[in-house]
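One structure is given below, encoded as structure tokens.
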Amino acid sequence: MDKALLEIRELECVRGDKQLFKGLSFSLGAGSLLHVHGPNGSGKTTLLRAIAGLVLQESGEICWNGEQISRQKDEFNRELLYLGHHYGLKFELTGYENLKVFANLSGSDISEHEVEAALMRFGLAHCVELPVKVLSQGQKRRVALARLLLQPSKLWILDEPFVALDAAAVELLLDVIKAHVAAGGMVILTTHQEVAVEVGSLQHLHLGQAQPAQTSQAAVAEQH
Amino acid sequence: MDKALLEIRELECVRGDKQLFKGLSFSLGAGSLLHVHGPNGSGKTTLLRAIAGLVLQESGEICWNGEQISRQKDEFNRELLYLGHHYGLKFELTGYENLKVFANLSGSDISEHEVEAALMRFGLAHCVELPVKVLSQGQKRRVALARLLLQPSKLWILDEPFVALDAAAVELLLDVIKAHVAAGGMVILTTHQEVAVEVGSLQHLHLGQAQPAQTSQAAVAEQH
Amino acid sequence: MLATLRCMVMRDLTLAMRHRSDVLTTVFFFIIVVSLFPLGVGPEAALLKEMAAGVVWVAALLASMLSLTRLFADDYNDGTLEQLLLVPQPLSLIVLGKVLAHWIISGLPLVVMSPLLGLQFGLEGDELMMLMVTLLLGTPVLSLLGAIGAALTLGLRGGGVLVSLLVLPLYIPVLIFGAGAVTASAAGMGADGHLSLMGAILLLALVLAPWASAAALRISVE
Amino acid sequence: MLATLRCMVMRDLTLAMRHRSDVLTTVFFFIIVVSLFPLGVGPEAALLKEMAAGVVWVAALLASMLSLTRLFADDYNDGTLEQLLLVPQPLSLIVLGKVLAHWIISGLPLVVMSPLLGLQFGLEGDELMMLMVTLLLGTPVLSLLGAIGAALTLGLRGGGVLVSLLVLPLYIPVLIFGAGAVTASAAGMGADGHLSLMGAILLLALVLAPWASAAALRISVE
Amino acid sequence: MSEWLAMGGHGLYIWGSYAVTALFMIVEVILVVRRRRSLMQRLGRMIRMKDSEVSG
Amino acid sequence: MFNLFKYASPASFYPLAGRLAMGFGIASVILLVIGLYMSFFVAPTDYKQGEGYRIMFIHVPAAWMSMLIYVVMACWAAAGMIWHTRLSSMMASSLAPTGAMFTFIALWTGALWGKPMWGAWWVWDARLTSELILLFLYVGFMALESAIDDPRRAARASGLLALVGVINVPIIYYSVQWWNTLHQGSSIKVVDGGVETSMSEIMVWTLLVMTFACWFYTIAVALTRVRSIILERESGASWVKALLQERKS
């Protein structure tokens, strides 16, 4: 494994009065993929949001390039693409407009053509002119995922990206992820579906059962 | 197959300027399950909502017990349980309170104990007292699904019920569905996940590709 | 029937109680709007007394209208409304339950608070009484009519402002009779005519509005 | 920097144009609120003229405040806000862009409309001019301060009413100087003092508010 | 002539009324006609595209 | 417009509407020319108001049209809700902009008339106020319709609003009495009387001609607009395709 870009040290997250995990440490280098496993409510989403800097951890450190992310928000955000349970799309805008706004804001200089190509790749050619609102669940998610093709971020954090996608789209997304990892990118993802994400240096992280009594389970990270 | 309780005749649905399907006919008797297949945007959700009476069809008839559902809203609703992409839960109320309200409104007389048992069955024992808002995605969906155990409806319409559930919960839901069909209930469901729903008299319905030019595809219903 | 009504009212009240600040904020909005006027207009007592009834009524209109946007919006966004449409009970009954809860949360407190605000503007005895009575008759109408507007604008962007555009013209008769009754009684004329008209409007709204809102809801959810 | 600002402003304007009625409805709300008062208070010309400035200003406050609730709410609900927080640009710049767009959509039209409403209340020449100028200076402040309130109440139930509770007190100085300037010029006194004070408030708000709103947003999204 | 235009001192009001009315009516007619024309163009394009799709 | 009722199908109504619009358009232009000539050159100067009263010849027809159009619109909306005929809701939405325009013209001309007569652009008289509310009702109708993307849903929602709004019209109308007894009536009554006594036969005729001109104008514009609306909403239908093919060749 290359030099670790992302390092998590002794992370502890608490929601309400519930400790989700503690003493969680792992590190991730270029060209690797981390698959976070765990039953419902085990804290996968919380972990991913903490890494993205959207949730404050109780204790522990999250470092990017050796420095804590909270100290270098702008730099870290430039390297990060987070897609959560929410679609993160403006439902009144069309898919094209949504992507264009994100591309502009992230500072990357993206041509009309590239946006169209991304939408096309995700099979949305015939609904570029429709507001996202009227699209089907799967089509909405495809629009959100099309961002993956447009933003040159190093670290992708994907929280259940396969939800609502049909078989063809799942296949496509897997290809996109594999290509990203192969090109030296990093991906952290969770999914409950059985999909074959075998690529690069693959790590699995298992978060514990969501049981009341058994709060502070040791998290097991195993190298593939 | 028994006498057909639900009959769809020459159904045509249009969204915006797009014809999703037309000339769709099938019928469903007691103790049967209809699995609706189709890629993203092919109109599965629209079909399910039309059957539930939430979307007006462009033409065609949807009959329950031989009479159109629009003419017998209350009677039909008594026999129906529809769970869509949305959770249909009040995020400020606890899981228990949510279920209680639905039970009350559907007129069924349900004891505290039964509600608790349903939540327990879906593995929510330790979060009955939390507002649904703070639950994880999978836990929210479990709460919504717990309604299946409480309302004595004949026809279940489930739009991607397996989304966000972990393996254990998928297993559980399959058991619940099988038991319902075995007891003479009817289920219509869609899912993009690979799950083994083999039970009772199983029908498959394939909705066409979501292609621009090719609007009026024949829908294929095959008996299993 | 009554069970359904009670269940809906209790549900919405519970939800409101979960966020107790909701109840308070409507009243506070009412108070603040009323208090803004002396700041904008200036402190002359005679002028203020003359405007009193009008200002309190306009503030009540606005407060009730503001809280309207939320009447169905929450249920719509989290998909509960869909489920309520599928409940084997008349939809207008469910709507009536929600409106009733809305009035208890946002209308009743205004009625209770109004004498205090009237005092601030120099109203006295009978006029205060009249102010309260007209609000008691009028605020349920506001909630009922408002429900139609809220149902029609459901899920539309800019719903908050759109709902006021739709609903305020409908509110105007209530405003005219309500404020008119107070002014009339202040001028020593009888206000019985006004009051009975308001009663009639209330009855009419009670019969027609839940039905119209239910129709609007069915349209909006599609 | 300017590119980011322009992108945000254009984005929000595009969104507003998608529903052109949005722009119109704020103005109409303003007009309706102003028109409600004579209905409540009665048609006497002298009384109305005296209240004119106050009423128009209070209506502007309310109109701007009402449209505020939507400033961040849409972005919050559909998850875009989360994404905006993750954008590698200073958040206060993004906020400033949104506020600017909000003012263009909801503040500027009020300024344009105000002379017409002033006419209805019997204001003339100089007073109308003064009303317009004060609104031109004041409405951006309303949008800027409002953004703080909107950011703080994000995602809270009852945000609409809560935001008014937080924001209206902040608006009061603007209201007093704004309406005061009109009244002063109507009374033949100079209003220069009022105007320069309003200018100062505007500058202060322009510097501080985007920064405070950005901080509030970070808190709200967690 | 100018006396007639002055309308006994009420010229501004009368001509203001008639002019605005005329303006509104003319603008409305223009808008309606333009809407129809652009619609026809759009539909024509649609049909042409369909045709070429079938033949090509 | 009632005899059009049997043409409930857009396909058969579309060509008919085209012919009718043409006819009414021509008639309205002719009447307008005659009416304008009468207003300025035939009708005599009023002994009380001087020339100012000539505003009446557009003010009154506009005010009448504004109210009539709302009622007709609500009737179409009701027909649409009851019989689910697509054409009815299209008719309703094609009338709204013209109705709003006439309402605005009535307000505008009234204001321009009020300044020389009453010395104020605007007074908060019941009649004036109710006209203003009517404008809000129109605008609300149009705003709601344009805020909803799906045309069928928009038609149903705005139709319901028009129906609810029409209940409000008589209420506003009767509120006039209550309101005026409280606050001593403004000068409109006096002026009314003045105009009425001085209304010569030729004035009445002029008024009638202008009214019919506005009426025919409304019909022509609404029919033209409804033709566009029909095409927009039925663009997928086969008869539209056939029609366009025909036009092209």
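For clarity, chains are labelled A, B, C, D, E and F in written order, and residue numbers in each chain start from 1.
Simple rule for what comes next: a contact is a pair of C-beta atoms (placed from the backbone, for glycine too) under 8 Å apart; a residue touches a chain by one contact, two chains touch by 3 or more.
Please read these numbers as outputs of a predicted model, since none were measured by experiment.
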Any chain touching subunit D and subunit E at once appears in the list F
May I ask which two chains are joined by the most contacting C-beta pairs? C-D
Considering only mean CA positions as chain centres, point out the chain farthest from subunit D. B
At the place where copies subunit A and subunit B touch, is the share of residue numbers found on both sides over half (same) or under half (different)? same
Which chain has its C-alpha centre farthest away from the C-alpha centre of subunit A? F
How many angstrom lie between the centres of subunit A and subunit D, each centre taken as the mean Cα position? 38
Centre-of-Cα separation between subunit F and subunit A, whole angstrom: 57
List the centre-to-centre spacing of subunit C and subunit F in whole Å, with centres computed as mean CA coordinates. 32
Residue ranges of subunit E touching at least 2 other chains are none
Two-or-more-chain contact residues of subunit C, please, as numbers and ranges. 18-19, 74, 156-158, 162, 165, 168-169, 172, 176, 183, 222
Counting only residues that touch at least 2 other chains, which ones in subunit A make the list? 92, 131, 134
Inside the complex, what are the residues of subunit B that reach subunit F? 15-17, 19, 56
Residue ranges of subunit D in contact with subunit F within the complex: 19-21, 24-25, 28, 32, 35, 38-39, 42-45, 48, 119-122
Complex contact set, residues of subunit C against subunit B: 3-4, 7-8, 11, 14-15, 18-19, 74-75, 78-80, 82-90, 94, 221-222
Provide the residue numbers of subunit F that touch subunit C in the complex, in ascending order. 133, 136-137, 139-140, 143-144, 147-148, 150, 153, 156-157, 160-161, 163-165, 167-168, 171-172, 175, 178-179, 182
Subunit D residues within the subunit C interface of the complex: 15, 18-19, 21-22, 25-26, 28-29, 32-33, 36-37, 39-42, 47, 50-51, 53-55, 57-58, 61-63, 66-67, 69-70, 74, 77, 156-158, 160-162, 164-165, 168-169, 172, 175-176, 179, 183
